[in-house]
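Dropping the structures in below, format is C-alpha cells.
Two complexes, one shared chain (chain A), two partners (chain B, chain C).
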Partner chain A sequence: HLATSLPLPSERDHLRPRIDLIAFMIDIKSKYSLKNVEASLAHVDASFFLGKVCFLVTGVGRVNYCSVEMNAIWKLGEVYCSPVLFCELELEGIRVATAQRLLRMLQICAGHVPGVSALSFSSLMRSSADE
Partner chain B sequence: MDETVAEYIRRTVLKIPRDEIKTMLQKWGFLSETQLQTINFHQIKENISQDVVQLCEENSANIKQAAVLDIIYNHIYPNKRMWSVYQMNKRGEETEIFDLTDFKKKFKRRLRSALKNVTINFREYEDNAIWIRIAWGTPYTKPNQYKASYVVYHSQTPYIFISASMLRSNLPLLCQALVVASNYHDIREMELRSHSLNSLKDIVFKRYSQNFQTYCPRPLQERNVAPESADLRIIHENKSEKERIQRVNQEVFGDGPQPKLEFAQYKLETMFKSDPKIDVLDKKEPFRCLVKFSSPHLLESLKSLAPAGLADAPLSPLLTCIPQKARNYFKIREKKGLFPGSFVSP
Partner chain C sequence: ENVDPQRTAFLLRKQWTLYSVSPLYGFSNAQLRDYARLLSAFIAAEKQKGLAVEVGVELDIKVAVSSLPDLKGSDQDQAAILVQLSSRSPASPKNSEEKLVWLGWFCCVAGDDLSQNVPEDFTCLPLFLANGAESYTSIVGSWFQKTFDCCFRRLAISPLNLSWMAAMWTGCKVEKTASAMELVFSVPCLPQPLDISYAIHPEDAKALWDTVQKTPGEITQEEVDVFMDCLYSHFHRHFKIHLSATKLVKVSTAIASAHCDGIVKFLQSQYLTGVLMLLTELAISQIQ
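Up next, the complex of A and B:
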C-alpha cells in the first residue's frame, strides 16, 4: 500500500489488510519529505516501533543535491528505535537489492520466518549499525 | 568587399550548426546554386566559412546583404536571445489598413532623422510577422553589427517583441520609430520576458490552452491518475486526493503544453510580519525582498509540483496567474486600508 502521508484515509479502512511493516521514505533532496515523515510518525501506534518500522532514505547517489542532514536522519532512527536503510532508486541494481532487503524484513515482520521475530531482527540491525 | 563585411559573414556562418549551413545559405539566396555546389559542406566549419566568404567576395556582398543572413539565422534560432514584449495603444478606434511599404518608409525615416549611422533590414514571414534588424552606430562610428537589435511585429496586433542587446539609450528612439511607423499613439513595456519567442507570442495572442470554466458537479469518474503501475498488488491509499490534485491542476493549467518561460520575479515591498516579541526591524519600513523562480520550463515545473507531492494544490494565484496576466515580473505592495494584505500592482 502506497500512501503520501499518515493517517491513512479512513474510507478505505475496511479494505485494508493487517499492516506488518511501515517503510517511511525520505528523499534526501527534499526537506519537505522529512517534515512529512516526522508529521506522519505521530500517527503510528507505539506497537509498530518494535521492529515493524524502518526508514528508507532515497536519492543518496546525488551528493550535491542533499537537502536533509544526515544527523537528522540518524537521530530519527535512534529516537524511534528503527533501522535506517539507504538506497538510490534511479539505479536498477540498488533498487532491486533494496526491494529484496525490504521483502526479507517484511517476511520476518509478518512472522513467516520461524525463530526470528520482528523485535529480535531490528535489535540485530541496530547493534550492527552502531559498530 | 569590405574587410568588416567579410569578417561579419565569416562569424555568422560559424554560428550556424554545420548540418544547417547549406539550407540557410539557400534561404539567403545570395550565392547561386552553382556557387553552393562548389562548397564542401563536410569539412570543418572554419573552412566552410572561408569558402563562403570567398564566394561572397566574388559577388561583392555589402553589409545589408550580409545582415539578411543574420536575420535568417535569428529567425530559425530565436531562443538564443532574450525577448521583451511591448504593447502599443491607439488613441481612437479607427482601424487603418496596414501598408507595409508605408510602415518601412516611416520607420527608416524616423530612425535616420535621429541617427545617421544605422543599418536597417526588414524581412517578412508568412505568419504576418515583420522582422526588423537594426545595427546601431553613433554620429561618429559605424554601426556595430555584432550588437544588433531585433524587432518582431505582427501587423494585425498591437504587440511588439524586441530583443535589444544594445545601449538602453537607443531604446526610446526605437520605440518612437515603431509607434510612428505603425500609426499608433504610444507604447509601453509589458512585464514579460523570456528566451522563447514563440511562447511569448502564445501568451499574448492567447494561443495556449486555457482553463475554460466548465461546470462540473461531480469529479469525472473516467479520469485516471497517470498509470503508475499496472500491478494490481500495489494499492494507492491516497487515490482520491491524487485525483483531486489532478483535477485542480487541470482546471488551473489546462490540458495542453504550457508556454515556455524561464523565470518569474516577485519584488516584495511589504511590511515584515514577525512575532512582536522578536523585534527585527525598529523602523516601520517596507521590507524589500526579491523572490525569483527559475527553471528551464517554469510553467511546466509549476504544473508538476502538486502531482509530485512537492506543493499543495491549488498553487498560489501569484504563480498561476502568469499566462493570464501576461507577465512574469510582479511588484507586490502592501494593501492600504481596512484589510491588510498584499495586492499586485500593475
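Up next, the complex of A and C:
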C-alpha cells in the first residue's frame, strides 16, 4: 500500500489489512520529503518501531543534487531505532535488489520466517551497520 | 586580510567556471616564464592541427603566466597562479594593443587538508577558475594535465552547499546599496522546465540571519536549515508552493553569486578570500 503521508485516511480503517512493515521513503534531492517523513513519523504507533519500520533513501547516485544532509538521516535512523537502506531508483539492478530485501524484511515482520522475529532481525541489521 | 583591492579588481564581476585540480607534479614557481613559452607553443601547434578557435581569423595567441601572491589563506598555501591568453592580429602593428581573450587561475585558500597529505614534489592548487571560450579552457587544461600529471574536473555545487553560501553571504556586512538576495529553484518532474526566482530584500535577509545565528563567526548546519526553512515557509504562505521539494540551483547576494553547474561571480573584493576558502574546500572534497 502506498501513501504520500500519514496518517492514513480513517474511512478505510475497517477494510485495511494488518500492516507488517512501514518503509519511509526519503528523496535526498528533496528537503520536503524529509520534512514529510518527520511529520508522518509522529502518527506511527510506538510498537512499530520494534523492527517494523525502515527508512529507504533514494537519489543517492548523484552527490551534486543533494538537498538533504546525510547526518540528518542517520540521526533519524538512530532516534527511531530503525535501519536505513539506500536505493538508486533509476538503476534496475539496484531497484530489484532493494525490492527483494524489502520483501524479505516483510516476510520476517509478518512472522512467516520461523525462528526470526522482527525485533531480532532489526537489532541484527543495526549492529552490523554500526561496525 | 591584506588583499590589495586594486590588484584583484580584475577578478570581480566576471563569470568564472570552476574546476577541481588534483595536485600538480613537478610544478615550480620559478619557471613561470618557461611554462608560458611552452604553453604558447602548444597552442600554436594545436591550431596547426586544425583545432583553430575562430574560423577564418588568424590570431597570434600570446601567453602570460604570473603569480598572484595576495590570494592565499595562510603561508602554507601556494600563491595563486594566473594564466592570461591575449591575441593580436598579425595584420596590426607590432606595438598595438593586445586583446585579452581568456583568463584562468589556479588557487588554494586554506587548503591545509590537502597540502598536508601530499608528498614533496606535488603542488596543491585545487581550485581552477576560467573565463573565456571553452575551447581555450580545454587546450590550456590539456597542457597542464599532460605537463604536470594532474586531473581537471568540473566542480558542481550541490543545493546543500548553495544554501550554506546563501546563509554565509547574507551574514556579511555590505553598504546600504546592496543588491537583493536572489535564490533560483528548478522544479523537477514537469513536462516543461520551470524555474522559480525568489528575491529577498538584503536587509530583511540579514535581519533574519541575525536572529538565527547564535555565535558570530560560526555557522552550524542547523542554523542554515532554520534560515532556509524560514524563507521556504514564507514563500509557501504566499504562493502555496513547497520550495523544499525543488532544487536550489543558484544563489546571488551582494558579495557573490554561485550556480550549481559550478559557475561563480565575485562582487566584493573584501570577501574574495572568504569565498575562495569555501570554494577551495569544495574542490578538495571533490578531489578526495
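Here is the rule we use: the second predicted complex is superposed on the first by the 131 of 131 C-alpha atoms of A that agree within 3 Å, B and C clash if a C-alpha of one lies under 4 Å from a C-alpha of the other, contacts with A are read in each partner's own complex, and residues count from 1 in each chain.
We adopt the following convention: a contact is a pair of C-beta atoms (placed from the backbone, for glycine too) under 8 Å apart; a residue touches a chain by one contact, two chains touch by 3 or more.
Remember, predicted model here, so these are calculated numbers, not experimental data.
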{"item": "Fit or clash - chain C, chain B, common chain A", "value": "clash"}
{"item": "First, second, both or neither for A:31, with chain B first and chain C second", "value": "second"}
{"item": "Touching partner for A:39 - first (chain B), second (chain C), both, neither", "value": "neither"}
{"item": "Which of chain B and chain C A:63 touches, first, second, both or neither", "value": "second"}
{"item": "First, second, both or neither for A:103, with chain B first and chain C second", "value": "neither"}
{"item": "Partner chain in contact with A:79 - chain B first, chain C second, else both or neither", "value": "neither"}
{"item": "Which superposed partner A:71 touches (first chain B, second chain C, both, neither)", "value": "second"}
{"item": "Colliding stretch - chain B into chain C, listed as 24-32, 222-230, 294-302 or 330-338", "value": "294-302"}
{"item": "Touching both chain B and chain C, residues of chain A", "value": "30, 32"}
{"item": "Touching residues (chain side chain C, partner chain A) in the complex", "value": "156-160, 163, 188, 221, 225, 228, 232, 242, 244-248, 260"}
{"item": "In the complex with chain B, residue positions of chain A that touch it", "value": "1-5, 8-9, 11-12, 30, 32"}
{"item": "Interface residues, chain B side, partner chain A - complex", "value": "234-238, 240-242, 309-310"}
{"item": "Footprint of chain C on chain A - complex, ascending", "value": "29-33, 35, 63-69, 71"}
